[in-house]
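Each of the next two complexes has chain A plus one more chain, namely chain B in the first and chain C in the second.
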Partner chain A sequence: MPHLENMVLCRESQVATLQSLFGERHHFSFPSIFIYGHTASGKTYVTQTLLKTLELPHVFVNCVECFTLRLLLEQILNRLSHLSSSEDGYCTEITCDTFNDFVRLFKQVTKAESLKDQTVYIVLDKAEYLRDMEANLLPGFLRLQELTDRNVTVIFLSEIVWEKFRPNTGCFEPFVLYFPDYSIGNLQKILSHDHPPEYSADFYAAYINILLGVFYTVCRDLKELRHLAVLNFPKYCEPVVKGEASERDTRKLWRNIEPHLKKAMQTVYLREISSSQWEKLQNDDTDPGQLKGLSAYTHVELPYYSKFILIAAYLASYNPARTDKRFFLKHHGKIKKTNFLKKHEKTSNHLLGPKPFPLDRLLAILYSIVDSRVAPTANIFSQITSLVTLQLLALVGHDDQLDGPKYKCTVSLDFIRAIARTVNFDIIKYLYDFL
Partner chain B sequence: MDLRKPHAMSVLGCFVFKPNLKKRKISVPIEDYFSARNNESEDSKLRFETYQLMWQQMKSETERLQEELNKNLFDNLIEFLQKSHSGFQKNSRNWGFQIKLREIPTAALVLGVNVTDHELIFRSLTEALQNNVTPHVVSLQAKDCPDIKHFLQKLVSQLMNCCVDVKSKEEESVQVTQKKTHCSMDLLSNWYKTVTQKTEPKIPSKKRTTSSQWHSPPVVLILKDMESFTTKVLQDFILMSSQHLHEFPLILIFGIATSPIIIHRLLPHAVSSLLCIELFQSLSCKEHLTSVLDKLLLTTHFPFKVNEKVLQVLTNIFLYHDFSIQNFIKGLQLSLLEHFYSQPLSVLCCNLPEAKRRINFLSANQCENIRRLPSFRRYVEKQASEKQVALLTNERFLKEETQSLLENLHVYHVNYFLALKCLHNFTSSLPKYPLGRQIRELYCTCLEKNIWDSEEYASALQLLRMLAKDELMTILQKCSSVFKSSSEKQLGSTAKKIEEFLAQFQSLDADAKEEEDSSGSQPKGLQKTDLYHLQKSLLEMKELRRTSKKQTKFEVLREKVVNFIDSLVRDYLSPPETQPLHEVVYFSAAHTLREHLNAAPRIALHTALNNPYYYLKNEALKSEEGCIPNIAPDICIAYKLHLECSRLINLVDWSEAFATVVTAAEKVDADSTPSEEMNEIIQYPFISSTMVPEHTELPANALWEETQDGSSSSVPATHMGEPDLNSWLPASAWPSFSCCGF
Partner chain C sequence: MSNRKSKNNNLMHAECLSQVQRILRARFCHQNPHSNLFGVQVQYKHLIELLKRTAIHGESNSVLIIGPRGSGKTMLINHALKELMEIGEASENILQVHLNGLLQINDKIALKEITRQLNLENAVGDKVFGSFAENLSFLLEALKKGDRTNSCPVIFILDEFDLFAHHKNQTLLYNLFDISQTAQTPVSVIGLTCRLDILELLEKRVKSRFSHRQIHLMNSFGFPQYVKIFKEQLSLPAEFPDKVFAEKWNENVQMLALNRVTASHPFVTPADLMEANQLCSMDSKANIVHGLSVLEICLIIAMKHLNDIYEEEPFNFQMVYNEFQKFIQRKAHSVYNFEKPVVMKAFEHLQQLELIKPIERTSVNSQREYQLMKLLLDNTQIMNALQKYPNCPTDVRQWATSSLSWL
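So, the complex of A and B:
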C-alpha cells in the first residue's frame, strides 16, 4: 500500500506487524495489543493513520480526559453507537456506571449491522492513567473480547513498559509492541519530509541537518524539533531572501544560523522565552540577550519580618536542634565541631534536605536574630501561614493539628542568601554545615 | 456594648476588615455608637456624617488611583490576549502554522506577595477583559480544585453562568441540567460551538463592539493562586485542553505571588512546552504605597492628617508585616473613624469654607472644648492679656479667632507639603540617603521634630554643598514643576526664586565657556624636567591654588541654593504640634490603632485571665495586685493560682487552693468546713477550668494523667471537646480578633 508508506515514515516494521495482527476485516484479531515507546515515537500517529486509512471501525479515547470510570466508558459507548448509526443519524446518550453495564451495553451496540462481522478497535491513548482508576478496569479491557464475546481488539498506548502495568489477578497478557526511538537518520528523514513549498527539499534538508547538529544532544522529541525547525527557519532563509547568499551557499548559511540556534537552545527550548516572543525578536532583528527569561526573575519581595521568619525557618530546618544554644546564646562556650558531632550528623545537612521543626523553635530563633524586640502579634503568626501558602514553608503533618504545628523550609540556599543579604544578615555564619 | 441588638457582634467583627455599606445601613447602630458615649451636644451625628463623606471621598480616590496604576498592566495584558488570539483566528494556510505546536497562550502575572490585594486586581482585570476581549472569563482558586474533576466542574459552571448573563435566561435550565452529570472537555467544546454559532447571526447587535468583531471570542481562564495548585491538576488540564485547542480557544492567566520560576517547578518540561508563556509584572507594592500616601495624606485635598506615631504604626505594619495596600487603607479608615469618634472637635475637620460655617453653630460646650485644647492654651498664653480674657470669655470672639486659626492651619499645610516635596527632591538623590529615600520617611521625621536640628539634616546639607551643576539643575527643575503642578498660589515668590536660580545656572554655562577659553593656556607649565623640579613645581602649584581659593561663580550660586532650601525648611517645615488647633485635624492615638491592628493574642489572653476587669468591666472584679477575688471566673482563679507556682503543680494542692479561694467569702459567715457535697460542687468548675491546657501554657498534659486515674474520674470525657475551649482559631483567623475590642 504505497499510500500508507508515504504517510508513515521509518515505521515500516511496526506497521507490518500491526497489519498482520489485524488480519482481514472479519478475522478475530489479538484481544489486546500494548504499544509503548518514548514521547513522540509515533505511537498515536501510526495507530491512528493505520486505522483511518484501512477504514476500520475504531474508537480513539484519550485517558487524560476521562478522569472517571464513567466518563471513559460512556465516551467509548457513545462513539461506538455513533459509528454504528451514522447512516440513519439516530443517536442517544448512553449512561453507564460500571464495567458490568459496559459489557452489556457494548454487546447491544455492536449488534448493529455496520459493526457486525468485523473487528472493532478501541484505542486507549495515555493508558498509564488507567492504573489510577478502578482495579477491575485494566483486566477487564485486557480480556474484553472474551467477556463480550464480540470481535473486538483493545489497543493500549503508553510511554511506560508493560511490567509496570501488570495487575495482580485476572490478567491476560497482551501482545506487546515496542516503538523504538527514532535514530538521527530517521529524524532527518521525517523532518525533511515537510519542507515548505517555496523552497527546495534539499535546501530544507540542509537546514534540518544543521538543526539536528545543535539540538540532537539535548532533545530527541520529534514534535519539539519540528516546532523549533519552523520557528528558526525564517532566520535561516534571511540571507537568501536578502540576496546575500544563494541556496547552495551552505557554509555562509551555517555561520548565520548556528549561534542563533544555540541561543534558541538556552531560551525557547526551555520555555524561558515563549515562541511568540522569539518570533517577534527574529522579526525585529534585535539581540535575544536583551529579553530576560522567566528564571531571571528570582527575586521575591517580602515584608521585613517575613524575611526574618524565613531565615529563622531555614536555620531551624538545616541546623540540628542541639546546636541552637551555640548559635543563639551569648555565653555558649566553644564547642568544637568534631567532638560535638554525632555520627549521623557528619554528613552535610544540606545534602539530607530540610528537617521539620516545631513552631516554638522557629519563634525562639526569630526573637534572637531580629535586633529589635518582636511582639508575638497576630500579624507574625499570619505571616507564617501566608509563607506556607506561598510554598516557601511547608506544613508537616496534618492541617488539623493546631497546637505545636511543624514546618519545613522549602527554599534553596541561594534564595535564602539573597534574602539574608537584603537585611544584612550573614546567614552562613549561623549555619552548622559551614562552620 | 449592647449584645442584644441583632447582628451587633457581626457588624463589629467585620467592620474593619470588610466594610459593607449595605449591611451597615440595615443595622443602623453604628451611628448610635457615636452618640453613645458623648452627649448629643457634641455634634455626634454631624461628625458621623462628616466621617462617612470623607471616607467615601478617600475610597473613591484610592479606587481611581488603583485603576490608574493598573491601567498600564491591563493594557499590556489585553494587547497580548488579543494578539495571541487573533493569531488563532487567522487560521492561515501558511506552511509553518500547520506544523508548529499549538501552544496555549499564557500570561504569567506576577503580583507580589501581598495576597490580600490580589482579589481586587483580579476583579478589575475580569471586568476589563469582559469589556475588551471576551465575555467568557473564568477565575479559579486552588482551594476549589483539589482534583481535575472539581476543576472542570467549576470551570463549566462558571462559564455557563457567565454566558447566561449575556444571553437570554431561557437556556439556563437546559444547561444547568446538563452540567452536573459529567464535565468533560467534549462538553466544553460542544458548548463553545453552540455559543459561537448563536452569536454569529446577530453580530451588529450589542455594544460589545470589540468582542463581537471576532466570530469566536477566546475563553480566558484565570488561576488566581498558581502556587497552591497541585501539579497533577494543572498538568492534566493543560494536556487535555491543548488537545482541544482548535475547538476550544483557551487562554490562561497565572496569578503568581512569588516568582515565575514556580511555573517550571510545578510543570514538567513536557507540559510547559505546551504553553506560550509571557511575563507581566505589576507595580511594586512599595511604589503603590508611595502613591497612596501622596494622594491621601500628602495633600490638602483631605483635611484629615495623622501624626508621626500613627503614620509609623501604619507604615510599619505595611513594611514589616504584610505589604498589603488594602490593609493599609483599612488602617487609615480606622484612624479616620477613631478620630471622628473620640475627638469632639473633629466636627471642624472638613474643607475650609464648611468648617468656617460650622464654627458659627458651635455649642458652648464645644467652645469649652476648644479652650481646653493644649495647643490652643499655648496659643492663648502668648497673646496680650486683654485678648486672653476675650478668648476665654467671649464666645463670639473665640469663634472668629478659631476661624482665622483654621485658615492659618490650612495655609500652613499648603506650604508644608510644597516645602516637603522640594526638600525631598533635594535629599532623595543624595548618596546613602541621610534623610531617607522615600518621601514617607522624610515626612515622618518632619512630623516628629524640627528637622533642622537633626544631625542627618546637617549632613544632608553638607552633601548638597558638593553637588555638581547638572544634578542641581535637574533637582531645581523638579522643584519648579512641583510648584507649577500645585493649584494653590502660596509660596509664589519661592517658585519665582527657583526659576531665577535656574536662569542663573544657565547663564553660568555661557560664562564658563568664556572662562575656559581664557584659562586654556594655564596648565602648560609642566614640561619635561627631572624629578626634583617636578616636585617643586607641583608644590608651587598647590600653594598657588590654596592662596587663590576664591570661589567660582558656580560655587557661590550653589551656596545660595543650599541656603535657600535651608530657609525654606526652617520657615515651613515646623512640626504640626506648634500649630494651634492642630488637634482638630491630626489623629494621634497610635496606641489604640496598634491595639486594633497589630493584636497580640497571647498577651490578650494573659490579660484576660490575669485581670478579668480589663475586659469584663465589672466593678466587683476590680482588685489590687496579687489578690484573687473569689467572684472572678473560675478559669481566672485557676490561672492565677497556677502562676503562683513556678513549674510543676501538684494537682491536689492546686485544687485545694482553688477551693479555698472560692469558698473564702462563705467562710466568713458560716464558719464550718465545707461539706462533701460542697466539695464536689467546687471540684466541677475547677476541673472544667483546667481543661484549657495548651494555650494558656499550663503544664496540663502531665497533670491530666494524674487526674484520669485519680478520684476525679467523674468528669465526662465529652468535656474535652467543649467547643469554646478547645476549638481554637487557626493562625490565619487571628487578625479578626483585633477588632473585638472595638
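So, the complex of A and C:
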C-alpha cells in the first residue's frame, strides 16, 4: 500500500507483519496480540493508521483514560454500538458493571449486520494499567475470542515487557510483537520529514544533524526530539534571517545554535521552564542567565537564625553523633578510628541520605556554631516549624510525639553551601565526610 | 493464450490459498476441534462414560479435569459434549450450564448466570429468596418435567475451577457438590483447572462432597509424536497436498508460519519456521535495553558495578551518580559531563520502563535521590545487550567489561 508507506515511515516490516496477522476480513486472527516497544516508537500511531486505512471495525481505548473497570467496558461497548448502528446515529447508552455482563452484551452488539462476518479489533493502549485493575480483566481480555465465541482480536500496546504481565497461574499467551527503536538514521529521516516549506530540505537536515548530535546521547524519544526541534528552529534561522550568514555557512550557524541547545537541555528538556517562556526568551533576546527555572524557586530568602538552624540541621543529619565532640567542643580529644569503622567507611553519609536526629542535638549544635548568645525563645522553635513547612526539614516519626520530635534535613549539599556562604560559615570544615 | 492460462492459474491459486488460510486459521484461532484426539483417548473414554451415565441413566456425579495450560481440557469437554448431543435419546432434555471463573467472580453473579442459562428468568423473576441454597433448590425444582417422572439431567461445566474456590465460603461449590450427592435431579459437575493442587484449595466440607474423580491431562508426548501432531494439524482436508517437515516444534511458530503464505509464497518452508522461532524466542528485556540512550546505558553499567562491589545490596540515585562521576572524570572522552537533573531524568525513565524498581513504596517525606532501588537485569543480560547495542562508544564498552582495577 503506497499510501500507507507515506504515512508511516521506517516501519515497513512491522506494518507487513500486522497486515499478514490480520489476514482477510472474514478470517479468524490470533485471539490476542501484544505489542511492546519504547515510548514514541510508533505503536499507537501505526496501529491506528493501519486500522483506519484498511477500514477494519475497531475500538481504540486508552487505559489511562478509562482507569476503572466500568469506564473501560462501557466505552468499548458504546463505541461498538456506534460502529454497528451508523444509520440513525441514535443508540442508547449501554451500562455495564461486570465482565460477565460485558461478555453477554458484547455478543449482542456484534450480532449486528455490519459487524457480523468481520474481525472486530479492540485496541487497549497503555495496557500496563490493566495490571492494577481487577485481576480477572487481563486474562479475560486475552481469551475474549474464546469467551464470546466471536471473531474478535484484542491488541495490547505497552512499554513494559510481557513477562511482567503474566498472572500467577498462567493465562492464554498472546502473540508478542516487538517494535524496535528507531536508529539514528531513522530518527533523522523522520525528523527531517516535517521541515517548514520556506527552507530547503538540506538546510533543515543539517539542523537536525546538529540537534541529534547534542541530544542523542541523552534522549532517543521521538516526541521530545520533535518538540525540541520545533522550539529551537527559529533561533537557528536567526543568522540567515538577519543576513549575517547564508544557508550553507554551517560553521557560523553551529556556533550560534550550540550554546543555545546546551541551555535548552538544562531548562526546556527538564521542564524547568515552559515552552512558551522559552519562545519568549528567544524573541526578546534577554540574557539566558536571568532565567528563573522551577528549581530556582526553592531558594528562598531565610532569616538569619533560620539559616543557622538549617546549617545545624544539615550537620546533624550528615555527621554521625559520635563525631560531634570533635567538631563542636573547644577542647576535644582525638577520635580513634577502630578497625570496624575503617571497613565501613566506604559508603559516605552523603550517599546514604540524611539521618534523623533529635531536637536536643540540633539545639546543641546550633548554640555552638552561632557566635553570639542565642536565647532558647519560642522564636527559635517557631522557626524550626516553619522550616518543616517549607519542607527544608522533615519531621520523622509520629506527629503526636511531643517530647522528642525527630527531624532530618532534606536539602542538597549545593543548597546548603550557598546558604552557608551568605553567613560566612565554612560548612565543609565541619562535615565528617570531607575530613 | 498462455498468459491468460497463467493468470487463471494465479487466480485459482489465490482462491485456494485464501481457503487454506481460512480453514487453518479457524482451526487454530477459533479452536474448532480437529477430529483426532491426540493421545488423550483414555481420558476421553472416561469422560464420555461419565456423561452418558448422567444423561441416560440418571446418575449424579462430579469430576475434575486437571492439566497444565494448553493441554486440551476445553477441547476434550467440547468434544465429549458434541458427541453426547448426537445421541438421540439424550439430546432433548440435557441442560448445560457453562460457568467460567474469570467471568463469574462472585456467587451472586454465578447464580444469576445459572438462572439465565437455564432460561428460568420468568420463574425466578418476582420471588425473593434468603439464601443461595434456597434459590438453587428452587431452580432445580423448576426443572422437573411434566411427562416423565424423572427430571432433566443438568451438566454444570465450571471453567477456571480454581477461581471458584476463592469465593467467599465456597458457597457455590458446596451447593453444587451437595446437589450432585443428594438430590434427585441427575446433576453432573465437571470442573476444569490448571492447578494440580486444586484439592488443597477446597474446604473440608466441599472436599468431602466431591467424588474425588480426577482426569489428568499430562502432555507427555515425545518429539516424534509432536511432529506427527504438527503434520496432522497443518494438513488440509482431502483435496490439498500434505507437507512433511522435521523441524523444531513450537505452537506460535506454527501460527506465524501460516501468515507468510501468500500468493507468491505458497508453501511453508523450513526457513520460515526458523525465522518465526527466532521472533518468538527473543529476550524482550534485551530489546528494551537496545533502545536506551547512551546516558541510560552508562547508568545501567554503573548499577552493575555497584551490584558487583556491594553484592546485590540496594542502591539509590546518589550512589549511581557517584559511580557515573568517577567514570566521567577518569575515563570518558565521548560522554559529556551532564548536569545532575539531566541524569535524574534518565534515571526516572529507567524506572518508568520497570528496569529498576523501588524496594518499598515512596513516602512523601523522603527525597527521590535517596530512595533505595534494585536492578531487574542480571549481568549476562546486560553484557549481551551491550554487544548488540548500536554505536556504543568504546570507552563505555570498556568500562562495562572492566573490573575495579581500571583505576
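Couple of notes before you dig in:
Please note the rule applied: the second predicted complex is superposed on the first by the 296 of 435 C-alpha atoms of A that agree within 3 Å, B and C clash if a C-alpha of one lies under 4 Å from a C-alpha of the other, contacts with A are read in each partner's own complex, and residues count from 1 in each chain.
To be clear about the criterion, a contact is a pair of C-beta atoms (placed from the backbone, for glycine too) under 8 Å apart; a residue touches a chain by one contact, two chains touch by 3 or more.
Note that the structure is a prediction, hence the values are computed from the model and not measured.
In the superposition on chain A, contact of A:R220 is made with chain C only, not with chain B.
When the two structures are aligned on the shared chain, A:V103 is found in touch with chain C, with no touch to chain B. Touch criterion met: A:H26 reaches chain C, while chain B stays clear of it. Using the contact criterion defined above for the overlaid structures, shared-chain residue A:Y36 touches chain C, although it does not reach chain B. With both structures placed on the common chain, the touch criterion links A:A201 to neither chain B nor chain C. When the two structures are aligned on the shared chain, A:L329 is found in touch with neither chain B nor chain C. By the touch criterion stated above, A:T385 is placed in contact with chain B alone, chain C being left untouched. In the superposed pair of complexes, A:D403 makes contact with chain B only, with no contact to chain C.
The contact surfaces that chain B and chain C form on chain A in the two complexes overlap at residues 270, 295. Of all residues in chain A, only 39, 62, 64-68, 70-71, 74-75, 194, 196-198, 223-224, 226-227, 229-231, 233, 270-271, 274-277, 294-295, 297-306, 375-386, 389-392, 402-404 touch chain B in the complex they form. Contact residues of chain A toward chain C in the complex are 17, 20-21, 23-24, 26-31, 36-38, 41, 98-100, 103, 134, 136, 139-140, 143, 145-147, 151, 159-164, 169-173, 175-176, 178, 180-181, 183-184, 216-220, 265-266, 269-270, 272, 295, 347, 350-354, 394-396, 410, 412. Residues of chain C touching chain A in their complex: 18, 21-22, 25-26, 29-31, 68-69, 74, 100-105, 109, 113, 162-163, 194-195, 252, 255-256, 259-260, 262, 280, 282, 284-285, 287-288, 290-295, 316, 318-319, 322, 335-336, 338-339, 341-342, 345-346, 352-354, 365-367, 369-370, 390-391. Across the interface of their complex, chain A is touched by residues 83-84, 87, 95-96, 99-101, 103, 105-106, 108, 110, 112-113, 115, 147-149, 182, 184-186, 225, 227-228, 236, 239-240, 243, 257-264, 269-270, 272-273, 275-279, 281, 284-286, 317-323, 598-603, 694-695, 728, 730-732, 734-735, 737-738 of chain B.
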